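Some structures are shown below for you to check.
Here come two complexes built around chain A, the first alongside chain B, the second alongside chain C.
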Partner chain A sequence: MSSQPNTAAPKASPKKKPFFHYGRIEGLKDFSLALPAILFLLLFTYYPLVNSFYLSFTDWNLIKPIKKFVGFDNYTRILTDDRFYHVLKVTFLYTIIDVIVTLVLGLLLALLFNKQSKAYGVMRLFVFMPYYISMVIASIVFIWILNPKYGVLNSFLGTLGINPVQWLNDPKTALFSLIMVSVWKSVGFTMIIFIGGLRSIPLDYYEASSLDGANKFHQFWHITVPLLSPTTLFLVVTSFISSMQVFQSVDIMTGGGPLESTKVMVMWIYQMAFEEFRAGRSSALVVIFFLIIMAFTALQFAVSKKKVHYEG
Partner chain B sequence: MTANRVGSTFRLLVALIVTLIMFFPLYWLLITSFKTSVELRSAVPTFWPEAFNLDNYKAAFKAAPFGRFFTNTLIQTVGIVFLQLNIGLLAAYAFAKGAFAGREKLFLLVLAALIVPEQVVFVPVYIMMSKLGWLNTFLALIVPHGASAYGIFLLRQAFKSINNDVIEAAKVDGAGRFHIIYKLLVPIARPTVVTVIILKFIGSWNSYFWPLIMTNSNKMRVLTTGIAMMKDSFAGNESMSYNLIMAGSVFVILPIVILFIFAQKYIVAAMANSTFK
Partner chain C sequence: MKKLWKPALAGALAVSVVSGCGGGSSDGEAAPPAPEDKTPVTIQYWHSHADAQLAGLDYMIKEFNKKYPWITVEPVFQGAYTDLQKKLLAAQAAKEVPAVANVEVSALPNFADSGVFMDLGPYIKRDKVDTNDFSKGMLKAYAYNDKQYGLPLIVSTSVFVYNKTMFDKEGVKPPQTWAEIDEFAKKLTQKNGNETTRYALSVPGWDTWYYDPWVVNGGGSILSADKKTATIDQPDSMKFMKKFKEWKDAGYMHIGYGKGASDVMRQMFYDGKIGMIQHTSALIKMYLENAKFEIGVSFLPGDKTRTSQIGGAGIAVMDLAPQNQKEAAWKFIEFMTSTEHNVKWAEYTGYLPTRKSAIDSEEGKTYFGKYPQYKAVFDNFDNVQPREQHPGYPEFSAFYKEALGKIVLENGEVEPLFKEAAKKMNDVLKDY
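Entry: the complex of A and B
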């Protein structure tokens, strides 16, 4: 690199030159670099967000030139619709079971696979890989695995003497089948994050408590679990948000059926907008849905303030 | 000592079984793609195909234009990665090293976009794309994803950790901002840059919701929406056609599996840094 201007630079800017002016131009140049990102986010995130609020007060079918203002009509119709409470129940049921099963299994896998060795490293990759496989493909493979007649899972259960399960065709098991795919896909991610958390716990804590005569089980509850709580909070919040938004697997595997037993929120929003062409009503549902997610995320942070131990 | 060894052997055994279970669906996908329709419906599923016949791959290509889907997916993915990376690098520099009024507030505005899911914005964006005449074009698939708050966040973190002296020295040498970003900071922050590229590549490659809404012609379908359409076209007769569907699926996941194997050290490192501690 050339360093020629080195000596010239200080001379070129004598004390009296208005530094403020120079700084302002430099500041504008810096700001202009952030501008594309800000413009994109304003256009494709914030404007649509505000627009969704606006649309939620109109009656509009996506095509008509006129959007009729209807006040809170869309909201009252949704909130007095039994289907709303059904969809809400299905979405929460899915989310709660999905989050709990993924986190508990993820932690168990983290404890099992947290070992520094080549063999364990390779096995971890296999467990982690499904996280990056397309949800569409995962769903299709599971439809085939869960096929009541020719599926490999029922064939396996048959050897244990269990009668064929109807999986996706039975309202009692359909939601559970969707959770199965989700857990398969994300448990490896949860495991990797938990392993990161486990490795950040100082080993002295375990050594000190062993000297005090604590057994492994005791250590797990009194050292591992509390010191892992920031990691757990991160996972609860992120998996809660993504589970609430479940759509792909439902669209591919059940379409919301059988008997609407897997009709989740985003499925309903999608159907309302693109099958019933009620842009206004679906926007009201979007707003309600967004507020529910925000409220529960805030609640998780509020609860965690008391429970989460940040070290140091 | 021996109890210890029994313990670690047992642990290895359990870990191995878990690994096999987790790998099974992908194994099943691959194996099914080689089976004949008759073998698909055998009373007891075969865990090893009777013959590795590649006819299903040919038939899958006949049943749906997978070449087209593949090209579309590649264009969509490369377009999104290119836009997000460049817009992200510039913004990351501005937010990490720039000096302008309201910098932190604007950065918060960028970060807050993280909590807005695409399901909340898709109707207005759909309308916008329709007005622009962009539906069923790559513009609708790529442009709305031009900026990623998460990408900007990761790159800003990486730039922040670079010493200011390096930048000041380059400025004294007369280097402009683009030179500083692309020639100086990108090489130093290479692991993060690579991670952002990989994660965005995988995410765009697998995306389904967005292409489902923005495109509806075979000419513009991507692999995910294409394979879903192929599956629907076999409706009622699916159990005879899973070999074809799985052959098509192999095309969707093969690039990702290969990328994952080569890039796993970057991915795992990125995961380890992603919690909000």
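Entry: the complex of A and C
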């Protein structure tokens, strides 16, 4: 289409359309229907976004009436602070392990449970169930499950002859304990999405390839994985963003400790603003963090252009 | 929490609309004369009183209404102190504030510094409130830069709660000085090989409030007198930590650290696995009710000095509230902290009476007869000191808390860790 040379210039319409012609009125009508949503977004998403950008250049403490302009001071203070790099490391460690484990486990469960029968339906339900338990409740329950002295998990491990693990109380295991809870909670959702993806792959491919002599592994590697890639991309992007922004479970289960070993970015932002009274500096951190997430999401999309196969 | 928050905000909004919406911020040199005005007014009280204290609060509000029938007090529970504090920040930023609120001691400097609370001085003077009747330390805890921003409402201090049954059986007495701890601990600790099965004592590591008095009692301090530099790395300030490490390494001492550590300590104490625990006096009542053994209470052992620090919360008036609400709010906090109901309030809440006149009254004597455990606290009434007052405290205290954590969890060395903490603290202090 575009290769076709546009020889004849579009004829200028002899009569000018009236200002409120049909198309424009329709357009305005469409716009007016979208208006409430747009206003909502403007007020509750974009205004805070722009405002936190503004606050990041001030020394505001949330309660002082005066916001003193401090230029890039907040940014330089954060970028020269060792804690920033520590927190970044913790956040990425959490995110990478969480995303990989959830996706791999979710895919395996999806392959296992992708059968049409009542029994499998019930099993899927059990795997999915944690997803609709509130994170706050799950966290409170897990604090007790993981309690080193009185917890169910350690007493279970004890019967297997394994020494008590300190879980949330040890800087070495705290982050993994948090990841464990996160995986437990979200793997069911990943599984369901993967099952949806698996079912949208036409069976013809499998039939044709098995006629050509492909075994199960070949089929999985050359048909399932490539054709599942749009689903995988979706899950990688959404779980990457949500893992980067993990907060509730950290706040309730560890508060960022012990010894800062689970201090993720949002936790730090929150503590800085509401416990240390540094709203300005924490806004700067918000902006930096926003840019980091945006950059990584862009990177994921760029990579996906090469690797994701859309069918048809 | 969220559910409570919304109606609360709506309520605050409604109140301010009804009362004509206004900021009337007073410059506060002289209090307005006591108005004869008895037009009905509604004030909101944002508090952190846990379930166990609500009966007491109901009682107090009923009594208050008998005295001031035209003032309606709406109590709104806003969660723990830290939650309440965050909501107050938000309310202040939105300029929709309650009239009265609780304030936790360590948060006072920040709020006072930013003009969130009303200076009570002029009102105290106008109504001739005898502030000398409060313990000096308690009153000072709610003053900042020589202005009184709040009055002590629920006051606690950390004490050692001990298993008296166990102590009597083993023939030990709670140590009164640091020097006595070694012998005491040796007697009480039980070991199975290298593993301690019963600790002699436990000090909470999860909150600096518990070991700040140890710093002071060792002869040290957290900040220099001019509050410009950290002194936590001075020999006297680190003395307690070296002792803690000694006792911990010997298997005498248990130090809980991190979230959930409080529950563990409590449970170990109930199970007889710890002989004596440092905890807030506010929980003495809970221990009395739940332990299957006899409970004793002892004041913190001393070294160079023997003090403990004030905890709990005060009650303050929000400066942004409209004038008629402020007047009502002042009447409310004066009532809440008055001698008249002081002992009753203490009994209901499990916190300490704050008025000397109340303690000396007949009612006070009955109270001590009923709860002899509180005697240990009141014999040291004037040794209850305010906390380190600095707007940066929530931020910089995290550094020496972390140093203690590294010593407890990773067996770190005291001196290098405390030196590092002091360095980080100094970076923060530069901002003030």
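Everything below uses one rule, namely that the second predicted complex is superposed on the first by the 279 of 312 C-alpha atoms of A that agree within 3 Å, B and C clash if a C-alpha of one lies under 4 Å from a C-alpha of the other, contacts with A are read in each partner's own complex, and residues count from 1 in each chain.
Assume a residue touches a chain if its C-beta (ideal position, glycine included) is under 8 Å from a C-beta of that chain, and two chains touch if they have at least 3 such contacts.
Here the structure is a predicted model, which means the values were calculated and not measured.
*Asks:* Report clash or fit for the pair chain B and chain C bound to chain A in the combined superposed model.
*Replies:* In the superposition, chain B runs into chain C.
*Asks:* In the superposed arrangement, does A:216 touch chain B (first), chain C (second), both or neither?
*Replies:* In the superposition, A:216 touches no partner, neither chain B nor chain C.
*Asks:* So which one touches more of the residues on chain A, chain B or chain C?
*Replies:* Greater contact footprint in residues on chain A: B.
*Asks:* Check the residue A:37 against both partner chains and state whether it touches chain B (first), chain C (second), both, or neither.
*Replies:* first
*Asks:* With both complexes overlaid on chain A, does A:127 touch chain B (first), chain C (second), both or neither?
*Replies:* A:127: touches chain B, not chain C.
*Asks:* Counting only touches as set out at the top, which of chain B and chain C does A:259 meet: first, second, both, neither?
*Replies:* It touches chain C, and chain B stays clear.
*Asks:* For A:169, is the partner it touches chain B (first), chain C (second), both, or none of the two (neither)?
*Replies:* Second partner only, chain C.
*Asks:* Taking the superposition on A as described, I'd like to know which of chain B and chain C A:118 touches: first, second, both or neither.
*Replies:* In the superposed model, A:118 contacts neither chain B nor chain C.
*Asks:* Applying the document's definition of touch, where does A:61 land relative to chain B and chain C: first, second, both, or neither?
*Replies:* So A:61 only meets chain C here.
*Asks:* Examine A:306 and indicate which partner it touches, taking first as chain B and second as chain C; both and neither are also allowed.
*Replies:* After superposition on chain A, A:306 lies in contact with neither partner.
*Asks:* Flag for me the stretch of chain B that overlaps chain C after superposition; candidates: 45-53, 81-89, 99-107 or 135-143.
*Replies:* For chain B, the listed stretch overlapping chain C after superposition is 135-143.
*Asks:* Residues on chain A in contact with chain B in one complex and with chain C in the other?
*Replies:* 62, 143, 147, 149-150, 274
*Asks:* Show which residues of chain B lie in contact with chain A when the two form their complex.
*Replies:* Touch residues, chain B against chain A: 11-12, 14-16, 18-19, 22-23, 25-26, 28-29, 32, 40-42, 44-45, 87-88, 90-91, 93-95, 97-101, 106, 109-110, 113, 115-117, 119-128, 143-147, 149, 152, 170, 172-174, 177, 202, 205-206, 208-209, 212-213, 223-224, 227-228, 231, 238-239, 242, 245-246, 249, 252-253, 256-257, 260-261, 264, 267-268, 271-272, 274-277.
*Asks:* Which residues of chain A touch chain B in the complex?
*Replies:* Listed in rising order, the residues of chain A that touch chain B are 1-3, 5-6, 9, 23, 26-31, 33-34, 36-38, 40-41, 44-49, 51-52, 55, 62, 109, 112-113, 115, 119-120, 123, 125-130, 132-138, 140-145, 147, 149-152, 155, 184, 187-189, 192-193, 196-197, 230-231, 234, 241, 245, 247-248, 251-252, 266, 269-270, 273-274, 279, 282-283, 286, 289-290, 293-294, 297, 310.
*Asks:* Could you list, by residue number, the parts of chain A that touch chain C in their complex?
*Replies:* 61-65, 143, 147-150, 168-171, 253-255, 257-260, 274-278
*Asks:* Which bits of chain C are touching chain A when the two form their complex?
*Replies:* Touching chain A from chain C are residues 82, 85-86, 89-90, 92-93, 110-111, 114-116, 257-261, 263-264, 267-268, 391-392, 394-395, 402, 405-406, 409-410.
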